[in-house]
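When the chains are written out, they are named A, B, C, D and E in that same order, and each has its own residue count from 1.
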Amino acid sequence: MSNAENFEDVVKSRRDEKVAEFDLIEKNVFHRLHSLLHRTPALVPLIVLVVACVVFGLINANFWRISTLSLIFQQIGIVGILGIAQSLVVLTAGIDLSVGAMAVLTSVIMGQFTFRYGLPAEVAIAIGLAAGTMMGAINGVLVARMRIPPFIVTLGTWQVFLATNYIYSANETIRSQDIEANAPALQFWGTAFNFAGARVTLAVVLLIVLVAIMAYVLRHTAWGRHVYAVGDDPEAAELAGVPRKRVLIQAYALAGFFCGIAGWVMIGRFGSVSPSASTGILGNIQAITAVVIGGISLLGGRGTIVGMFLGALIVGVFEMGLRMAGADAQWTYLLIGVLIIAAVAIDQWIRKVSS
Amino acid sequence: LITKTDTNPFFVKMREGAEAKAKELGIGLKSYAGKVDGDNETQVAAIETCIADGAKGILLTASSTSAIVPSVQKAREAGLLVIALDTPLEPIESADMTFATDNFLAGELIGKWAAASLGDKAADAKIAMLDLDVSQPSVDVLRDQGFLQGFGIDLGDPNKWGDETDPRIVGNDVTQGNEEGGRKAMENLLARDPEINVVYTINEPAAAGAYEALKAIGREKDVLIVSVDGGCPGVANVADGVIGATSQQYPLLMASKGIEAIAAWAKDGVKPQASEGKSFFDTGVALVTDKPVDGVESISVEDGRKLCWG
Amino acid sequence: MEPLLKARNLVKRYGRVTALDQCDFDLMPGEILAVIGDNGAGKSTLIKALSGAVIPDAGTMWLDGAPIEFSSPNDARAKGIETVYQTLAMSPALSIADNMFMGRELRRPGFMGNWLRKLDHKAMEDFARKKLSDLGLMTIQNINQPVETLSGGQRQGVAVARAAAFGSRVIILDEPTAALGVKESRRVLELILDVRSRGIPIILISHNMPHVFEVADRIHIHRLGRRLCVVDPKDYTMSDAVAFMTGAKEPPADVLAA
Amino acid sequence: MSNAENFEDVVKSRRDEKVAEFDLIEKNVFHRLHSLLHRTPALVPLIVLVVACVVFGLINANFWRISTLSLIFQQIGIVGILGIAQSLVVLTAGIDLSVGAMAVLTSVIMGQFTFRYGLPAEVAIAIGLAAGTMMGAINGVLVARMRIPPFIVTLGTWQVFLATNYIYSANETIRSQDIEANAPALQFWGTAFNFAGARVTLAVVLLIVLVAIMAYVLRHTAWGRHVYAVGDDPEAAELAGVPRKRVLIQAYALAGFFCGIAGWVMIGRFGSVSPSASTGILGNIQAITAVVIGGISLLGGRGTIVGMFLGALIVGVFEMGLRMAGADAQWTYLLIGVLIIAAVAIDQWIRKVSS
Amino acid sequence: MEPLLKARNLVKRYGRVTALDQCDFDLMPGEILAVIGDNGAGKSTLIKALSGAVIPDAGTMWLDGAPIEFSSPNDARAKGIETVYQTLAMSPALSIADNMFMGRELRRPGFMGNWLRKLDHKAMEDFARKKLSDLGLMTIQNINQPVETLSGGQRQGVAVARAAAFGSRVIILDEPTAALGVKESRRVLELILDVRSRGIPIILISHNMPHVFEVADRIHIHRLGRRLCVVDPKDYTMSDAVAFMTGAKEPPADVLAA
């Protein structure tokens, strides 16, 4: 049995063999589409979106007017920005229930610092953004350093920020007319301009720019890759040398910053500063909905910002389309529930067939 | 004091009024509030806490007028004076006394005013109804149905909004009673029919939001917005022409009356009396507008500003 | 000669289980030190303590004579200690290239890299492909495949390639060939010898006795949470080593650990 | 090198050696407590609970009255039962946002079938429970068969069930007096009896019994173990022979059944049947809060029903204690937010020290 | 003699990667069949197809001459095919005993078991402890330990013990000794021989040539997603087998698969 000792000699001489290539023969258009979808899963929500638009356009021709479409973009402006914040956190395998509350509180801070303390609007805005970042950082520190599950941390801070918002503002609304007269900078993102025959606000442009920037950051910088790694398998990421805690805190803080921007955009959209804006209560669920419909996994590490953006658009299109089709409020509410499930079901189905 | 929520300025002011009065009379006051509109559960828990804590009386703005009744009965059995503020219970005699505005009347006033302002054009008006919430809490229904009654539209089931068949109604949408919801609801209804020229809103923040939506398409001048509440920002909006008319209510008055009644009850067991001819103490409602019309009594914005809250 | 990496009296308890029980350890400069022992003897726990992944309950460690205390694997990496863990420590959804460069990504030269911090995906992919080819892992067809779609052995190969490419002071390999095929194992052994020839010492945990005896300069035999003895593979046979490690035979006094 | 062939012979003869025992010497009381806590993590919320009770008792002596304590139990009755439903789903690594909506809708079904269609109350109750089970099963089928993430499924069905509830009931409340007169069975769980000087409702007894039953089922039956396995690692569970889909559907359906029971209990507690009950909107967050404070991992597979029960109690105690201490509503929310985080932080801290 | 388990033309694609490329397979009754091949050759995919964990894109399988189609691992288990996957398929948070009996728990006798469906925890724990002792996994100190706290090798031991205890028709082992120590590996080999002596055939995937040549009756050599050839270990040396499997040498025509 002398071969026992030297059976490995066979492989001691290196031969670099060619690996068999098993390229798929892409049979037809249908097949090509499938394999395309499989490689770029972000396309799936896009298709859902296009189909929804076509259907609603058939039901009500007004839907396809450029002004309607611009309106949809305006309506998803805030949810979209909150969705960016939420995406960052969800990619780290967390969840941020406090995004809406942070946005409302920062908008109140911006308003009150201008009107109660008489600071220039620009300074108040900077303070508001800083406050948002700090609130986010608090979430991050509690998650990363105290090891409290993100759901609990942000459930708690959601209540804390929201209550602070009501207490601090004494529930007072700052009126649109006053802001327009004394601190127009607060309403900056509400400025409208003409584009292809429709009025578009700067908020829409901002949303698209922010989505593009964050898509770049997550895909093309080391920090972005670390966010994915931390969400994918925190232990492996740490063993591989990613500073897990620092990345977590930064992600939450950046999310807080985006909430601050959302707060500023809210003033532009509603004209006034109102502590009882429903974003404070519903913003988190709306943002999470956009994130999940957009294909970001709540388990972390998978999905893209662009997907989230499409997710927000899908919800916006459904809401507007149903309203225009004449469904009443309660039925709209019901049908949106059905459509959310259907959108994701189609997505899952396409992925399964194509794989 | 148990209010529906404490995010709506109306109830915040009510609480502030009660606190001021309580301080004046040297009474201990604890306040509770539901978490969302229509939150009956939290109110039940609050009543139970009051009983357990040995309170003398409860001021209650009920979220659910009939669902709260068994708890109110328990409190009364335990010897507490229960006063319903703002919203009467169902049946109304479930509470020891009710200090309320008539929300239906408030709606009716703005409805009549709107119809009269439009004159002949009322016959082919296009109306947007901006309501509170899909769960249709009672204020929501009362104000909405009051408006339609005042405007001269057949109500269908008066306990429910949204079942009217009159073609003048473009649609109902919900606002959560804030600017955010107001704007979005207005946009949605405008997308359905851009010709809307009358907007009913559940309260003034929703009206302000609706105004922003109209402004965005440059129609703010030719649409009539009516609302209910009479808070100071709302009255200021009437002055600025944002809102055509609003029905003013008086939460501070309700609260301070309520506190006085409980103080009297605690001192010598006297229960308060109802207004003449009504089963409750009416704290009143007044239409605030600078464009009075014939046949609808109203007060000027100047007067409204003096009486406003918040 | 002073040991490059030294530990004394390391203790680590998990609840009722004592994984390290007053364990000692020495790694000499430039050597290949094999660590062998039964399953559950505490080998992985030992190297986790040395690489900062586990903080021992008690005991002291020295690197180059200076006492060290690691609070995270990053501390150890910063000192040039690179480890392949038994669990591999890879992000399943990320690509092979992403995983290889995790924590030390390459940036584009010039404006894009310095100011926009853009990664140089191409350079990283090329580097990764080259390292994998060196290991003979030719069946990997796509360097951008997520790691989760690799076979067990392919995954291990990627982890080994990563450590070999970046370790500068000490390279620790926890069962690097467990899931590898004959050819791939051979490549890893070559790689180990190659790394030593660069003067970098290696700690190799393995259950494969022929491999251990082929490459190791010294063999640390681990038993019941502590170092039982250190033997020279030229003085003892595989049978001896296995007998010591399983407790079938007592090691002679001269190799017994203090 | 002949040893290469036979080095394994050494181990061919079996010798069963004794494994070294490393029993910890438990040094003192403090140390013992720690190791006790480590072995029984469910004790940690218990301690948080006791501390909270002591503190609130010191602030307001009325707190320690037996009637107050019985009141707390009554107040958590519904959240507790919804929490059992939620626990089942969360243990499978899911989440059920529709629990509150299912409870309200079943209570409406029970009421309407009795009063609108004139069925005997008992039959209406049975129909209500069946409806709850069916709604849960729908969730389960969508999750298990269509592979849609639970968050999306139940976000959708939450809206669907809630809207159905409003539409079907026409927003009509059925008055307590009518129920008492015509269908007292609906109010069964509201029946009170005297116990140690306090009035306790049957709902409290029911909650405790249900917790005990489910603790038994999850710990001592094969089905319970399968629920844990599916939540822990679904792929491994399936490879190991657990019928993953069937277990998922059953877990969701059972959760729906418990929501049906919660709906019945709601009628007992509030007397009336009200479609606008806030449980429909807040019930899910409340149940999730109880589940997570009680130490059940949202990632699935870890935690116990008893922990959830203690979690619900902690929230109940905090709310009651703060209300009795006279904090006003926004301050109460703020403090509950803080306390939720603090409770879990203490829990984490104790676990860390003891490990 | 008819093969007990037979497959023809199995195909499985993952995106652009073809893991199984018209692969054939035969397992004779009562034999130990070893499957060897490079990393990524498709061995795990093959046995996953045989055990229902993967549904092949094309191809047919027969058990005892009857065509079979598995849609889940449970279908295969119901037919008596028991598998140790390379990933082990354990629930990390559950105990060793829970994992061993997952899907076939023992109930208490009498009322408690029949009516309250109460599990017999004690019986299951005793059984698990006994099976682990048989494998020489004595370092496991607590049968109620969650599996996630076991060392890599201990975990593998538990998985092997589970398959051996419950398999009735075919037992499939995907690299069962990869993470095991010398002593524990030896026990697994004994166990394999023991199982065969009970008449149950075994499919053994392994990269350890000495082990393969020690126990296998026939060796299936897998290369580039298909069966290259089947050889008898008595006719060929390890060097030959390795040469075939890595492509260094062409197998003679008589053993070449059709």
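Throughout what follows, contacts are C-beta pairs under 8 Å (C-beta built on N, C-alpha and C of every residue); 3 or more make two chains touch, one makes a residue touch a chain.
In this text the structure is predicted, and so the values were computed from the model without any measurement.
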By that same contact rule, can you tell me which chains touch chain A and chain E alike? C, D
Looking at Cα centroids only, farthest away from chain C lies chain B
Can you check which chain pair, A-C or C-D, has more C-beta pairs in contact? A-C
Which chain's mean C-alpha position is the greatest distance from chain A's? E
Centre-to-centre distance between chain E and chain D (centres being mean Cα positions), rounded to whole Å: 40
Gap in Å, rounded to a whole number, between the CA centres of chain B and chain A: 36
Can you check how far apart chain B and chain E are, centre to centre, with Cα atoms defining each centre and the answer in Å? 72
Can you pull out the residues of chain E that are in contact with at least two other chains? 15-17, 87, 139, 141, 182-183, 185, 209, 242, 246
Residues within chain B bordering two or more other chains: 6, 36, 134
Where does chain A touch two or more other chains at once, residue-wise? 4, 7-8, 11, 17, 19, 22, 166, 330, 333
Go ahead and list every pair of chains that touch. A-B, A-C, A-D, A-E, B-D, C-D, C-E, D-E
As the complex stands, chain D meets chain A at residues 1, 4-5, 142, 146-149, 151-153, 155-160, 162-164, 166-167, 285, 288-289, 292-293, 297-299, 330-331, 333-334, 336-341, 344-345, 348-349, 352
Chain E to chain D touching residues, read off their complex: 53, 72-74, 77, 83, 85, 87-94, 98-99, 102-105, 107, 116-119, 121, 133, 136, 138-139, 141, 182-183, 185-186
Residue set of chain A touching chain B in the complex reads 62, 67-68, 71, 74-75, 166, 170-173, 175-177, 192, 199, 201, 266, 269-272, 274-279, 281, 319-320, 323-324, 326, 328-330, 333
Chain A contact footprint on chain B (complex, rising order): 6-9, 12, 36, 131, 134, 162, 171-174, 176-181, 183-184, 187-189, 191-192, 205, 208-209, 211-212, 215-217, 233, 236-237, 240, 242, 310
Could you please specify the touching residues of chain B with respect to chain D in the complex? 3, 6, 15, 28, 30-36, 38-42, 44-46, 48-49, 52-54, 63-67, 69-71, 90, 134-137, 141, 157, 159-160
